[in-house]
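Look for chain A in each of the two complexes below; its partner is chain B in the first and chain C in the second.
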Partner chain A sequence: MLNPASLAPPDVTSVNISVSAEGVTLSGSITTKEPDRSLGRFFRTVHEAALQNRLDELRVDVRGLSFVNSSAIRLFIDWAIWVSQPTGPRYRLRFVRNPNVTWQRVSFPAIAQLAAAHVVIEDGA
Partner chain B sequence: MAHNPTRASLPARPTPRPTQQSQQLPRVQPPSSTRTSQEWRTAKEEVLVRLMFTPGSSPLETTHTFLNAYLAERVAPAAAQRVCLAAYELLANATNYATLGSDVVLEIVERIGKVSVRASNNTIPARVAMLRQQLEKIQANAEETFVSELKRSMTGGVSRPMLGLARIAHEVGLALELETSGERVTVTAVPR
Partner chain C sequence: MTERSDPAPVARPLILMRFRPVWTYIDGVREFCRFFCDTTFKTTDLAERASVVIQETLENAVKYSTGGDEAELELRIQSQGETIEFSVSSLPDPLHLPTLRAELSSIASQTPEEAYVAAFLRAASEPGEASRLGLARIRHEGRAELSLQEEPGGRIRITATGTVC
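Showing the complex of A and B:
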């Protein structure tokens, strides 16, 4: 399980981030030009915590993310790459999406295709 | 090629747009199967929003916030979602690739109830060639280009992935058109 107290989310305008023992929940919109500097680093920290805590699975709930720019989509691709490393410890990355949100419906199947064995897409209510 | 050492002038007001699209301007247009109707092309257009930016500025977040609120009141939710995405990605490209000293112009226009987005900027010929090539790939197969741009993001290729343009075509289903005039390049996202 993650320790939410040790994973302080970055302060990014227009995005709400919460951390639980099971993973991360994001809502709002990601419009910052270089999200890798803030969100990307945070995602990496969560990833490393998941490895350290030997999680079998980590949930990333994006249902509340109504808009993301292309740079933000790349962050999710990066995360899929991290869990797809051929050696070393790893966990299953579960993206919980809202299929009624266009970017989520279109992007996540493609991301999962790129890292099929370690990424799961779940349609949330 | 025209040389514009200072600031580019604003594009002509768009009302006479159909006649502006002269045959002498090189254009990339959607394939015939998705070409927008002649009626739409010749219809009078109304500029809903025209914004001008300086290259290298960072207008994306505030512009998105403004357009999101404006379009929510002005157009149907599905159209607002499409237009917001297209405006964001076109503006991101335009401000990234514009030559210094020229203006970047973003316009939201409406013709017979359909809303389109166009962004124009001055740029170098190499960028125009790259853009033309990219749009041709997208028009040939938007989904395939989208996936291939995702893969390029994954492998970290040398050139910058152009995922944004592919998203406009594949994710929200707008057709992309390219017009050039000297150093000025205009990309328009139009409803199919």
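Showing the complex of A and C:
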């Protein structure tokens, strides 16, 4: 389980981030110029915490994320690559998406193709 | 002797905006255009596709614009029948043009879905680099075909053409 108290989300305008023992929930939109500098670093910290805590699965709920730019999609691609490293501890990355949101419906299957054995896409209500 | 026929009707722009290439304007312009498409065409699907097209075309235009008074961006949306066109005119750094031409040509040589998956694979293999997903997103998520026009004075116009429904 993650320890939410040790994973303070960055303060990024337009996106709300909450951390639970199971993972991260995002809502709002991400259209900043360089989201890797704030959100990307935070995702990396969560990833490292998941490895350290030997999680079997980490849940990233993006259902409330109504719009993102391509730099933000890149962050999810990076995360899929982190969990597909051939050696060392790993966990399953579960993205919970809303298939009625175009960017989520179209982009997550392509992300899953990058790391099919380690990424699961779940359709949420 | 041939009779002169009337010229084909030319679509009038539904939206014509000019503004300086500043990142912070993109959100506001995109949301206005989303609202406009939703309200005018009564289709949420088009509004969502328009959001992707406008976000990615404007981001590219802002990223690669030269500075100065001539660098103003122009966004035009026009429709005729079932066809809708989004175009952005900008004054890019000339060094960026060959890359843009190559990118468009590569994307056009594949189906929208193939180009999209290829862009994701490339991004995955180039950690730390720019995403370069934008044009592929416009074609696949935005369901719009892209074209590039080079205009006098070094300006370029990227046009994304799709259908209303």
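To be clear about the criterion, the second predicted complex is superposed on the first by the 125 of 125 C-alpha atoms of A that agree within 3 Å, B and C clash if a C-alpha of one lies under 4 Å from a C-alpha of the other, contacts with A are read in each partner's own complex, and residues count from 1 in each chain.
Everything below uses one rule, namely that a residue touches a chain if its C-beta (ideal position, glycine included) is under 8 Å from a C-beta of that chain, and two chains touch if they have at least 3 such contacts.
Being a predicted model, the structure only gives us computed values, none of them experimental.
Chain B and chain C, once both complexes are superposed via chain A, clash.
Of the two partner chains placed around the shared chain by superposition, chain B and chain C are both touched by A:Ile81.
In the superposed model, A:Thr31 lies in contact with both chain B and chain C.
Looking at chain A, you'll find residues 14, 29, 31, 33, 67, 69-70, 73-74, 77, 80-81, 102-103, 106-107, 110-111, 113-114 touch chain B in one structure and chain C in the other. By the touch rule above, chain A contacts chain C in their complex via residues 14, 29, 31, 33, 67, 69-71, 73-74, 77-78, 80-81, 101-103, 106-107, 110-111, 113-114. Listed in rising order, the residues of chain A touching chain B in the complex are 13-14, 29, 31-33, 67, 69-70, 73-74, 77, 80-81, 102-103, 106-107, 110-111, 113-114.
Those residues of chain C lying in contact with chain A across their complex are 23, 26-27, 30, 45, 48-49, 51-52, 55-56, 59, 116-117, 120-121, 123-124, 127, 130-134, 137, 140-141. Contact residues on chain B toward chain A in their complex (touch as defined above): 58, 60-61, 64-65, 68, 81, 84-85, 88-89, 92, 146-147, 150-151, 153-154, 161, 163-164, 167, 170-172.
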